[in-house]
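You will see chain A twice below: alongside chain B first, and alongside chain C after that.
What follows is the complex of A and B.
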């Protein structure tokens, strides 16, 4: 189809036909999955008598987590999906971003004190700091194999977390003011979602916001849910920006080099490409984006502590990426959404439904639950399972990861081949057309395609 | 471009040596400083001995777990992130057995079966120490090994066997999934509460020839059991046909296949030995620390990896030596840095070794 470009009058049509469908189908796919999920949860909720406010709140939370997981998964996709750098220290890079932002923006009279700079400076500073730590981590990437690199990055993320946690960096005095990481109790700062009240005071946003709040009152949705939804909207803008940026990177010559490194680094190197420099650059870019994603995620709480960056967080993001399929930006977004909706928040929705219907009180241990079951009361076991839903959720995440590795290692969308060349070589007319001149060949090619 | 490659060659040749030299220099400086501290009295000899002893104890249970991790790494060719949770499995299953036996007639079945998930059956009242309930402790030790082996074999059959030829990274990811599922399956039954399950250790006075005043009998149990098992592994690897095939497999899998070594049987033996030792390690850690938690093995995993890497992946003696280095590092580093940073020292050491000496501290001896 791309051959249509050569026919002069159909140039625009050609572009639309050859380029639009790819991202349009992707957009349609994402929108379809999101809408179907929303409708599914809403109908399920309404049928089982969950209040509109609870459903709206739930969908808001799902969208929030979907957006943040999509953000980090997109950044990770740049590392692993496109370049083949198996980075399992994501939590550490996020921690660097968030802590830098927190120290830069926290109030100068707080404890521990910050520098009191405006939030945008903090956000940019956090990204730069994460990218710089990424630079330090990328140096070993040049010499160790994939599984060693995994352990190096995991070790680094634990070093970062333990340093933030340690008493030695908890507070130190510079010029009579106590700065520091606050150790286990963390740092307080102005959250980045304070952008919403600020936006609501601007003319256009304020008007739209008022309408939304009015609509919420009619439907019985709390203003706090709408406030959250507005911040989630900001996150979605960032997801789109990440998506465009990464698609731009990965379809550029630089992106082709990344894929070449992933497939065969030696071959890329022997073609005269400086793979070392490329790997460092791409690692720094990805880490900067992880820092930003961390700021948008954790930075929307007003307190950050090292507990938010346990190694397990990295693996959630991996699950999101693997569900979608590594090496596909659309897959990363869908994976983030699927993880948030079905694995992360879905079980909680079931808990809400069960709790609105039955007065299930969790027995203290599973032994009591089985005793009650033996006495003819199955509700106790249900109650116990509802009470331990967080544990069950982790089991589910683990099982999904295993099943994906066994049956679908490429994820939902990972099997797609992304064309590296500027024109789609696989669709070229075959050698049988060899005798024809360019234009004729192109027309024939276009016709056979349609 | 030419300057880039020139720099690359420059760093290739010297960085390794420079960092290796710096590491040695650093260690030498630290040893000199240690001597200075002891001579000037800044560090009482008793405290130094306590650090060294704790380092040896830590290195023994890390070593038990590291043997298994090193074996799976070299024979199955992947970094098994679920190994830490096999340690946890051993701890929970072993202590449940110990409570079932030791608390018979003393505490309620529900408290014993779920290891005090309901807060009943105080370890002191049940008499959970080696002198009051030696039988229960030994039964627990054996059950810990058996159940962990069973769990590991089941996981291998269900998960890893289907991925034999999948390559290192898919197996690594699957093992993360296994780790999560296994740990929270345990949490589902036993709850996520951290709780004490062992009574305080009996501490009789030590005989005169030992450099300490009292002997912590639980620590002594750990040391003796671990050393016995390590000796057993050594004999097994060196003097049995199975040991020889395992060494052959970890050395060169393809060559081993051609010579007719039954791969699946060796893999079976790897899981049996590796997970059995991991389970025992978990059980003994709880005996020493007194507390049990579902994150026991997961938090230990990176230290175990550090030990395996330091010793050179695939080498069991290397793993033991690496464990000794890690155990001494996390304890002796307390002389200079605060206690909440000692793991940072261990992980930094691990990263430096991975980057600059990926064959391990003791050269690339791959065989056993």
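What follows is the complex of A and C.
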């Protein structure tokens, strides 16, 4: 049956077979964009005389952030893009995942102490905890409409962060050991990227690693950059796994149900769909994935503190998803990458280029910069911009969002026809004698098909 | 020996059970498919429905008419669980469905369409259709994801696709299958909504002003579809303002006025009912 499917149907661009071609071509598209960006930055760097090590370091940082943003954006896309659940408490669910992992895996003699369990248990535990908190959040969420739901999630996220920060949970004694969240100073634990040294001792991975380090020495790239790149490689594996999982979910009757809830929940209910249950399930799954993404991101540091989970983090994720196009998994990944490469790390690369060429010093205020500009010294303004780059990025993000709303309100890949079905719907059955088959299908369909 | 003795007993048992099935079958046939008893719905101080009672016979096209604000749509909402009735009961197919959840009522075989069509705009017509069938395996998350179960889901999807296409052909909107439902015209949306409701395999359909905003030729087609479906055994209850439709196509008419059932009976009788004429028809007919 399924062998003779023809997918290249000309007039049905984007209406494709669910299994192979669409995701394969989309992964190709993502890889193409990423490589083109790499080449662009590398050529720009080499032409302007930035060292190979600095370029490699920059690209590795870009890829790291691209991967983590893609992970969270994919999870958020399941909530917001697909189901229409306006979750603006992403940071909170990430915090639950990371803190749970930290408490499960931190050394028992640390301060605050952890349970000293192996990292995989911590990772799974973090995901489960985030999903359970998602369940708790979903219960009131069923009673409120979209915008109120957003407030509930934001509130919950802040409650989580402030609880972690609070003195009451800072430390408490159980059986002579000081447990707790560590308040503002956080918890120390073994980072999840310790998987890289462990992997480097395994046969195949170790061999590949040695080659990479050798190659790095030839090109003048420091081992620490390569070490980071290897962990980023692990993240990419997770991105692909997330992508495939979510593609699978969204190209299915379950995904169709999610879209129906987004479009018109009452209509879905009137067709006999238990939308409440579906919303709870999808919210828990998304939160679990956010927890995992948080672990892979923040968990690669050896310290977690509440400051990493400010509401602004949620905002960044939303920017990434909006840029990519909500409702599209491919768009989520591309959005994560575009955000990291062009909005977040790109400006820093420009700074690196400028600093290799000119010893620009930032004047104390923008007024001084303009005075110097008036006096024929443009470098002062450049210096000011470079010096306050981290703040200027916010303006950049705002400008890009505004331009996007004007020119591409659906994001780079939004509004593509991504049909939620487990099979190719464009394939028409052979029977074409109209009413007759229709009648039969209408009356006997239910019984004969099952 | 024992064999001989047991045989008649077995036969007798079978006969009895057949008899009883027949009996229940006929009893079900005689019973109205939908019974609404003393339905009351209050919104704060306003009583939208004030003790409405009526029955809908199986296999009929029944019309529900009344002036604006008579409580017709609220009645629909109470029957389908969108609103919880303040008092009274709704019995469908012998089952009390009062204050059941909307999706449970639809699962029982009582589906509705809306006064303003509620298509799912950013989904294609075909996706809209594929949503409707009940009890899809793939609506469970793990079946949609797990490789072992996925094959079954794909097979089911292929069957559903067939039904979806057939039903679209029946309603003659198959040429729109790949368009976003939001781009359809008002009349086409009404057709889509009815086609979609049909794919849930209902026993009975509640149509809320199915002809509103539909051009005459499409209206004729819609009515033809309704009659064809009636012949296949479906029951219809429709709210409609077009008197021609009500008088020419409904066997039975229920007239609501100020939240109560003012009159009930065959179309011809209703036409000549003085109260109805005064309340609703304005003495014209």
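Observations on the model:
We adopt the following convention: the second predicted complex is superposed on the first by the 397 of 450 C-alpha atoms of A that agree within 3 Å, B and C clash if a C-alpha of one lies under 4 Å from a C-alpha of the other, contacts with A are read in each partner's own complex, and residues count from 1 in each chain.
In this text, contacts are C-beta pairs under 8 Å (C-beta built on N, C-alpha and C of every residue); 3 or more make two chains touch, one makes a residue touch a chain.
From a predicted model like this one, the values you see are computed outputs, not experimental measurements.
By the touch criterion defined above, A:264 lies against chain C but remains apart from chain B after alignment on the C-alpha atoms of chain A. Contacts of A:151 after superposition: chain B is touched, whereas chain C is not reached. In the superposition on chain A, A:274 contacts both chain B and chain C. Contact with chain C, but none with chain B, is seen for A:252 once the two complexes are overlaid on the shared chain. Judged by the touch definition given at the top, the superposed model places A:392 against chain B, while chain C stays out of reach. In the superposition on chain A, A:315 makes contact with chain B only, while chain C stays out of contact range.
Shared contact residues on chain A (touching chain B in one structure, chain C in the other): 272, 274. Across the interface of their complex, chain A is touched by residues 80, 82, 101-104, 106-107, 111-112, 114, 118-124, 126-127, 130-134, 136-141, 143-145, 150, 153-154, 156-167, 169-172, 177-178, 180, 196-201, 228-229, 232-233 of chain C.
Of all the residues in chain A, the ones that touch chain C in their complex are 1-2, 12, 15, 245, 248-249, 252-257, 259-260, 262-264, 266-275, 278, 281-282, 285, 327, 417, 419-423, 425-429, 431-432, 434-435, 437-443, 445-446, 449. Those residues of chain B whose C-beta lies close enough to touch chain A in the complex are 1, 4, 8, 78-79, 109-110, 113-114, 117-118, 159, 162-163, 166, 168-174, 176-185, 187-189, 191-192, 302, 305-306, 309, 337-338, 340-341, 343-344, 347-348, 350-351, 354-355, 358. The residues of chain A lying in touch with chain B in their complex are 86, 139-140, 143-148, 150-152, 154-156, 158-159, 162-163, 165-168, 272, 274, 276-277, 312, 315, 318, 322, 364-368, 371, 388, 391-392, 394-395, 397-402, 405-406, 409.
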